[in-house]
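Read through the structures below before going on.
Here chain A shows up in two complexes: once beside chain B, once beside chain C.
== the complex of A and B ==
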């Protein structure tokens, strides 16, 4: 298996300033050097590079290549997490600027663990990865009642919902929650992803989800794909 | 019925063990930043984990193909019992935890400090600690009961599956029966609580049963 290479964004020189270089930021994100990533993003802001350009040309290449390596099992979740921390160090600086420019996130994602389930580290990791990928994530935490998912989806005009379950007794609540979205007349407005140790693609199909996030990067890749598919609008 | 207690110092977990859980086969070539994080949590977990077990045994009234009935009316149901508990005259139940401090620290590392790698490794260290402490506890029980002339069966627990009594298949002991397992302790205060959906709190907790038989030489 070959090691995926970092994809240099085409035409990045035209979008940056004279004599600028991104290679050190790509490497900082890739290597998980959050201090240096923060420093380089600050410099980019200070010289007047557009925050959207900093995100696309400066931060995403390192994150994406690590995501590919993770999918190929060349690296594992710990490397993804240090990359995530470096990415977040940069994002923390540019997010307010993106908002001020009226830049919209890739989509709004409601995340939580289903009713009765108290496990949270897995969904916290998925939340981090989704935020890094450009989604706005509202994490409802653990033991979330189906009504709470529906309320949050309506309140935030959500594009996607993700719920995890770690117990054989609670996994059924993924189906219950999806059924509640159907009953409330909101199922066609959101994409629904499920995940968690006892879940499978077969269970995702059976319970009526749109996809199965078998691991954090599968969930991110699936979310990136599904967000391009149009859903009915919230009123 | 007497509820007994057991505790031990938190067993030491190695960084290599944590790293292997996260799929690193060759732990010698791991990046220093990742190894360092794993090494740090091996120390931290010692301050956060305090193994604490409670156990009780109750006479078995009957066991057929599917149902294990205890004195005092509690019934467990699984085809798995036939293979592992036949011949047992008592059932010992236990609950064990390493306490809530580790859970709280993991969440604080994710939400407040944004140290997801440390949180992940600490969670893994907690999991390894409760697994190791449960094995130490089982060793203690076996010695305790052996000294009284009894031996213990395989450890079993709701939510796990076991070899079927006949054939190559596997059969499950439903997780919902955690409720009955906890009922074996009556009104006694336990260091572990069970939610309506049978999730144990603190998260780093274990429960299970052993069958007890008279040892014949």
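== the complex of A and C ==
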């Protein structure tokens, strides 16, 4: 297991302003310094760097390398959480600018832990990673009734839904919730992903989900893949 | 070998000495226990502090395990929807699963609790209020009384009644890192505060160490054979916190705790449990002198039971190993039998092993699978017979 390295975005100098540097922001995101991340992103906005460029060149490198390390179990939940918090501090400043530039989110994702289950640390991490990957995520929290998932999916015209569950007694409600989507006539309008400790690809197939997020990175990569396919099919 | 008394069988397995058959340990949550108690005609299937071990003994348990500490009450208590109940740590708990249930859905829910099938959803109690999230909270915080007779008195009764024949374990439940993140501080708070407010986290852990050390010593004074300390730091595929952070935050505190326990009784045996995969810190557990542990969640990260047994089986005894995430709740009877056979082959050969599902038997387990489990354990768990010959 080798330690993943931070990937410096090619040609970043041309997209920034003269004498600009990103290295301190990469490091700040990597080390979870949200105060500095906020400051540095603000400076970048003030000098007129394009918000998309700030996101891709300034924020993502540090976040991505920590994401890979999290997958490889080189870092763990606390380190991932502080990096996510630093990323979020920067993203909070950029998101309104992206929206004003008419940049649409990659897709709309409804996230929640199924009825009966109150565990949320895993789905919180996946939520942050999906947001950072460009999705608009509506997190319904824990103990979410199937009707609330369906209502939220309709209200936000969601592309994808994610059901989390930690207990073997509650994973069953992933299936129940999918069945409710079928009954409500909403199943074909969304992709449904499941995840959580007792879940497997076999269970995902059995309960009728479109995919299984075996860990946070797998979940995000799968969501990206499915949304890209969906967009391509519509094009 | 002549038939051993259950307490000898369990104790000898913990010490990795030869036994007649593999000792067993079944633990059940209230719903599963109630279901099974009906079959056995046992009226009192109480769990938690009112724990009645009769059913577990009928199933073949060689030890009696009695839980005190922060987990002892909340998960066994009936909490009404919308209500918050506070335990002796001042942690608040509410109930999940029923918040939006209509009268009609209530009827549907009752149907899912059928006898032969799995219960489809079971409301659980979860922490929803964490008493220490700031330095000020900590200053005003009153730690619970580790000599609380309400918690301790039943231990004496269990010892008087059963210790002649059975091995007595007191389970201190979540005792340190888990007690902090899941209960006292809150999960995200805890993980972020290890960076933002490390001193506060250390003080909370010191307070927990002090409480649990005293609580454990009080239980030891009543003559228990083993103290079980549970502290979940494993996730499905690996640890929640880094091994380095565990060594900084948990290890020295456990070292202190276990030393104090052994000062109180040098023959005491200690079990350290974590859910999930905590294989990176098993060598540390060996260093701490842990007698029994159960890194045996076969669906998790480190699935190599044979490897774990080979590597650590000379240093500590192992417990668990039967899959409760998929096989037990959803497997067919024959698959459950084969699972028991595999577990015995992997872990029981050479002794130093206690057969057990890797966690509690929950409400989602069909009763025929519990039967299959017990039957297969009886069939494949005798030394000198297949597969342990």
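FYI, the second predicted complex is superposed on the first by the 230 of 235 C-alpha atoms of A that agree within 3 Å, B and C clash if a C-alpha of one lies under 4 Å from a C-alpha of the other, contacts with A are read in each partner's own complex, and residues count from 1 in each chain.
Keep this in mind: a residue touches a chain if its C-beta (ideal position, glycine included) is under 8 Å from a C-beta of that chain, and two chains touch if they have at least 3 such contacts.
These numbers were taken from a predicted model, which means no experiment stands behind them.
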**Q.** Clash or fit (per the criteria above) of chain B with chain C on chain A
**A.** clash
**Q.** Which superposed partner A:110 touches (first chain B, second chain C, both, neither)
**A.** neither
Q. Residues of chain A touched: more by chain B or chain C?
A. C
Q) After superposition on the shared chain, which partner residues are touched by A:55: those of chain B (first), chain C (second), both, or neither? A) neither
Q.
Between chain B and chain C, whom does A:77 touch in the aligned arrangement: first, second, both, or neither?
A. both
Q. Taking the superposition as given, does A:215 touch the first partner, chain B, the second, chain C, both, or neither?
A. second
Q. For A:88, is the partner it touches chain B (first), chain C (second), both, or none of the two (neither)?
A. first
Q: Determine, under the contact definition given at the top, whether A:176 touches first (chain B), second (chain C), both, or neither.
A: second
(Q) After the superposition on A, what does A:200 contact: first (chain B), second (chain C), both or neither? (A) second
Q | Contacts of A:145 with chain B and chain C, given as first, second, both or neither | A | second
Q: Determine, for the stretches 6-14, 150-158, 258-266 or 312-320 of chain C, which one clashes with chain B when the structures are superposed.
A: 150-158
Q.
Using the superposition on chain A as set up above, list the residues of chain A that contact both chain B and chain C.
A. 32, 73, 76-79, 81-82, 85, 115-118, 120-121, 124, 143, 167-170, 173
Q | Footprint of chain A on chain B - complex, ascending | A | 22-24, 31, 33-34, 37, 106-107, 110-111, 114-117, 119-121, 123, 159, 175-176, 195-199, 201, 203
Q: Give every residue of chain A touching chain B within the complex, in rising order.
A: 32, 73, 76-79, 81-82, 84-85, 88, 115-121, 124-125, 128, 143, 167-170, 173
Q: Flag every residue of chain C that touches chain A in the complex, lowest number first.
A: 96-97, 99-100, 118-124, 126, 128, 187-188, 191-192, 194-195, 235-242, 245, 276, 299, 324-326, 329-330, 362-364
**Q.** Residue ranges of chain A touching chain C (in the complex, touch as defined)
**A.** 32, 73, 75-79, 81-82, 85, 115-118, 120-121, 124, 142-143, 145, 147-148, 167-170, 172-173, 176, 197-198, 200, 203, 215
